[in-house]
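Have a look at this one before I ask anything.
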Amino acid sequence: MEGAPGLHPSNCEVTMTATSPAELSQPPTDEEPVILDVRNLWKVFGPRADRVAGTPLAELSRSELKERTGCVAAVRDASFAVRRGEVFVVMGLSGSGKSTLVRCLTRLVEPTAGEVLLDGQDIRLAGGKELRELRRRRFAMVFQHFGLLPHRRVLDNISYGLEIRGTGKDARGRRATEMLDLVGLTGYGDSYPDQLSGGMQQRVGLARALAVDPEVLFFDEPFSALDPLIRRDMQNEVIRLHREVGKTMIFITHDLSEALKLGDRILVMRDGLIVQTGTPDEVVGAPADDYVREFVRDVSRAQVLTLRWIMRPPGDGDALDGPELGPDVVIKDAVHTVLRADRPVRVTADGELLGVVGSAEILEVIAG
Amino acid sequence: MSVSRMVGPRAVVLVAAAGLLASACGGAKVGESPSGAGSAAPAAKSCGALNLAINPWVGYEANAAVIAYVAEKRLGCQVTKKDLKEEVAWQGFATGEVDAVVENWGHADLKKKYIDDQKVALSLGPTGNKGVIGWYVPPWMAQKYPDITQWKNLDKYADLFKTSESGGKGQLLDGDPSFVTNDAALVKNLDLNYKVVYAGSEAALITGFRQAEAQKKPMIGYFYEPQWFLSEVKLVKVDLPAYTEGCDADAAKVACDYPPYELDKVVSKKFADAAGPAYQLVKNFTWTNDDQNLVAKYISEDKMSAADAAEKWVEANPDKVKAWLPAS
Amino acid sequence: MTATVVARRPVWSRPYLLGGILAAWILLWILFRGQATLPLGGAELTPLHERIGQAADAIDNSRNSNPLFLYFINYIRLFIDEFVTFVQALISRPSFGRPVPVIGWLGVVAVATAVALLYGNVRVALLTAAGFVSFGLLGLWEESMDTLALTLAAVLLSLAIGVPLGIWAGLSNRFNRLVGPVLDFMQTMPTFVYLAPLTLFFLIGPASATVATMVYAIPPAIRITAHAIREVPEATVEAGTSLGSTPWQLLRKVRLPLAKRTIVVGVNQTIMAALSMVTIAALIDAPGLGKTVLKALETLDVGTSFNAGLAIVIMAIVLDRATSAAGRRVETAHRAGRARGRLWRRVQVSVVLAVTAVLLYLSYVYVWAAEFPKEADIGSFVRKGADAASEWAQANLYVSTNGFKNLVTYGLLNPFEAVLTGSPWWLVLLVVTVTALVLATVRVAVVCAVCLALLVALGLWQDSMVTLASTLVATVLVMALGIVVGVWMGRDERADRVIRPVLDAGQTMPAFVYLVPILGLFGATRFTAILAAVVYAAPVATKLVADGIRGVAAGAVEAATAAGSSAWQTISKVQVPMARSAVTLAASQGLCYVLAMVVVGGLVGAGALGYDVVSGFSQLQLRGKGLAAGLAIVVLGTMLAAITKSAARRADAAAHGRP
């Protein structure tokens, strides 16, 4: 069932209920605790990169900066917070800085300025050894080009993370086999990566990341090198795994439909700047600027937006005894009910009437 | 060896089988057979070691072969031959790795450095061979153009010697790089219509003369004797203005023939001070150009090994050899 | 900024500009011909040369007092001497009170074959066995083993130094930038220049020979290892890092395993480089086949030198094929071991080891297995055959070869040399710098100008120009041959199989072997030197072109064929243009190899820098000049490398559709 496009992962409802468009990029405080808090993060490449952040140079556009200093600002003043258990998607076109951003979070790329707080502790202050410990136990990453070791068998690839942190041979063998089963590669443990298809290789990458039982999983465009059908399978796999293991996931993609499908919240980047942060329906329903609007133009709004986005206050002439639906019901799922009813559908939450939706509103959305 | 433990039985069978095979076709064992290359030198008396430099030409090798043969067979020395170019051989005097150089062509610069300045070597007098350096033509030319052997007539024939290398002038093929030549200065100072072309190696010079004689091609070039090649092709020397003492003092103004060389022997100071039998042998050694040419011919044309060539000559000349041996 | 301006200039204007430069050059040449050409006679020295000679003397004289020698170099020498002597005791020299080496011929053949079998495959093992037996059959067993001992020692030491340094260079950009020019220097500085000084430092004997070999053999080890480390996919390294690998774990578990195959190529190249030094090291008493070759040269004994040269070629081919097979095996061995069951592999290994052990024992105990039987001798036939062939060629081919020589010399070499040597030095400097500006970048132009100025400063301007002319003509011939044969090989698998061993032979046969026959055919001329360089350099260029042609995407060739192209059209419009970067690489490598033969050229009539180096090696008072000439060759190499590198970048860019 998860395969149906537009269907939200089950836990979306939890996250979305209390979030109103007004609260867009505020770190939520009343929900799950924030696990990763990013504040004013900069990454500048080029000569004397550290002179940019916090100076007037920071106000320049990317191309002006490049012309003036020869520096390229890949990430500019990024701030956002990720909550425990959340699937947080970073979306943007190539060159928008999203891959750099995610690498800054694990310091695969060293940030130029700003803070990255993991449970309140700034990982930028971690020394080499602390950082390695973080990577060994709390983070894991899945890569676009898999990054598997061709000279090792699948099982040895999966257990690599355990091996380097000193887990015994038997223990890591057991764990790797479990992970192999978890990602659906049972029986392929003795194969070599190049004997597997791209999708299977990425499953190995996924298993390798999961094997170390990390708190946060980073995905760097993991499926963009795969065929569309396999990509859909893998997306569903991620949804399933998320449901089963409940890890916090930070997911990079340039594919809007993937972002909408997987993300509890989506961060849109352009030229190193964060353009918008919000739930999928916020991004589609209330694009922050023309750039995002252009981006989401072809999205089928009926499949993303909920009734909350099209309901109107009950007018004088509205009969208020129509069928009742919640505000977070996706429009597509409400079409049937609304069109069949001869009265406007009432949108209610906790018995309180929020607004009404009639055929006119529904048809407007469907007609685009 | 966990590997062989696994298939132990197999390996054992194999080893056994091979062992059988071995004993079946057995044959002589190393060390027990008289033919087993066990021809160690006769018990060294008090001769000790002789480190002989071998410079890369056959005439030198002839000297060295005979000295080495006598030293080993008659005196029981331990002779080590080291194949070295001259400069490196002389360096060996300084580092203590070379005891003797047994045919030295002049080399005033090396003598100054190692004999006069560093005082690590000394000359042990002539080998009896006379060295001649000069310009030579192949025999067919000397026959066909008898007056070509006078330098004054060279310009007349310059056109014959034109080649692709000489830029419209006659080509004077020069240059074994081991020898200091005055040829460029000579050509200039004698006002000859020739250009010096550097052949670059003895092999190039010899091949040139060999082809010139075989195909009756004109050629004139720098050469020297004694040299084994002269017994194959009897090159004819061109007379340059006669050498007089000191006429070659200023290299840039030289306009006379090369001086005759008294080829000599040079040994290291250390070796001389020890004054062992080998030192006496080297000191006494002297023979004629004909002697050397003969041994050189054995080596170069008859393709004998140096030791065989030396043996043949020594057997045929017991008196000469006797004169070299230390009086004891 | 000018660089980008030049680069943006429309392509079509470049030929006009070059034509203009050439015309201006000829015009100015006519005007200023013969002025400021800075000639220097064969025995003449400049004050700089004298100073260099004196400096070298000063170093000589401090040998016994300088602590560097007393405490450092002496110990290195002792170590290397012991090491080589030990290997010799094992396989080539009577040792430990025995009249024969510890391991006799049968044992050596067995061990070599076993190694080839276990690390390579059956075919290579057969080749190895045949190759090693042939050393005995050629009558050169002991000499071959000496060469092998020296080569192995030099290669092991080179790898022990080169691989760690290569890893460092692979990991650190800064070190890589630092070490690059040093390696260039080591590879282009003619061996003759440092051969004599080496014996002062390391004395006459195995140590000097080994060090001389190492100087030449270490650069490929470092370069290729660094390249191997660098080409490990960044994604894989990043994945390793993201899981918290320490730098050491990254190196050991990620980088090295992935780089292994390329590192084996480095080992292969190191062996080849070491073998190519065998004959030259014989000049300082290095034992082995090289000595046989040089000795034979004294009496122009073509047969004997060919016989020994053949043994060197066989050794090179065996070692090359064996290491290449081992390189391919590196990837598959691991898998085969698991896939086909460990047991089977262990059985194989045990059997091979057991048989080898038995043969080793036999060769230790029995004379027949220790000394190669003298009756089995094909060496004398090889010698006679080579002699006869050489004599026949010298006697019968002379007329036609002479015509060819004259054609190249008068048609190409002489005019070119006349313009280069006849122009005032400032004119050449100006022309080259402007040309570099047009063709390449400001940086390259500056490098060229500095290099040419250095040649003036070294006092060897005219000799350098003569050498440059011959070098360029040789490179043109190398490329003409390389493209024709390379395209043929690239298109025809069977031709490749037949020609490749011939190319290997051309590359590894010591030049001294074929110098005598070609001297007989062409005399002591610059053309002979050019020919020797072509024999040595064309194989490399040809192989690179062939590989490039084969690397052209099958799809493109298929599309061309489908469009109805003739074979010629396919070659000229698809394959060669698409293999353009391989062709450029072939040209730059060909140039390197031609430069490496400058000194050999000096031995056969090229004169100029090559002769300066050789006479500097032979005559004490010319030592400073020889050293300066060596430097001049390095300078020429640097300049030409800068130009070809920039051309290669351009070709690469063009191949990828960028202007």
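Letters A, B and C name the chains as they come in the text, with residue numbers starting at 1 for each one.
Keep this in mind: a contact is a pair of C-beta atoms (placed from the backbone, for glycine too) under 8 Å apart; a residue touches a chain by one contact, two chains touch by 3 or more.
All of these numbers come straight from a predicted model, not from anything done at the bench.
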Quiz item: Expressed in steps between touching chains, what is the minimal separation of chain A and chain B?
Solution: 2
Quiz item: Which chain wins if you rank chains by how close their C-alpha centre is to the centre of all protein C-alpha atoms?
Solution: C
Exercise. Could you give the separation in Å between the centres of chain A and chain B, each centre being the mean of its C-alpha atoms?
Key: 84
Quiz item: Distance from the CA centroid of chain B to that of chain C, rounded to the nearest Å?
Solution: 30
Quiz item: If you average the CA atoms of chain A and of chain C, how far apart do the two points sit, in angstrom?
Solution: 55
Quiz item: Which part of chain B faces chain C closely enough to touch in the complex?
Solution: 3-4, 6-7, 10-11, 14-15, 18-19, 22, 25-31, 33, 35-38, 40, 56-58, 61, 82-88, 90-92, 94-95, 97-98, 107, 109-110, 113, 118, 163-165, 173-175, 177-182, 184-185, 196-208, 210-211, 214-215, 228, 251, 299-301, 303
Self-check item: Residue ranges of chain A in contact with chain C within the complex
Solution: 106, 108, 131-137, 139-141, 143-153, 160-161, 163-165, 190, 192, 205, 208, 212, 218
Quiz item: Which residues, counting only chain C, touch chain B once they are in their complex?
Solution: 41-43, 57, 60-61, 63, 94, 98-100, 104, 195-196, 199-200, 203-205, 282-285, 291, 294-295, 297-301, 304, 343, 346-347, 349-351, 353-355, 357-359, 361-362, 364-368, 370-371, 394-395, 398, 405-406, 409-410, 414, 515-516, 519-520, 523-527, 601-607, 610-611, 614-615, 617-621, 623
Quiz item: Within the complex, which stretch of chain C touches chain A?
Solution: 233, 235-246, 249, 253-254, 257-258, 260, 331, 334-335, 338
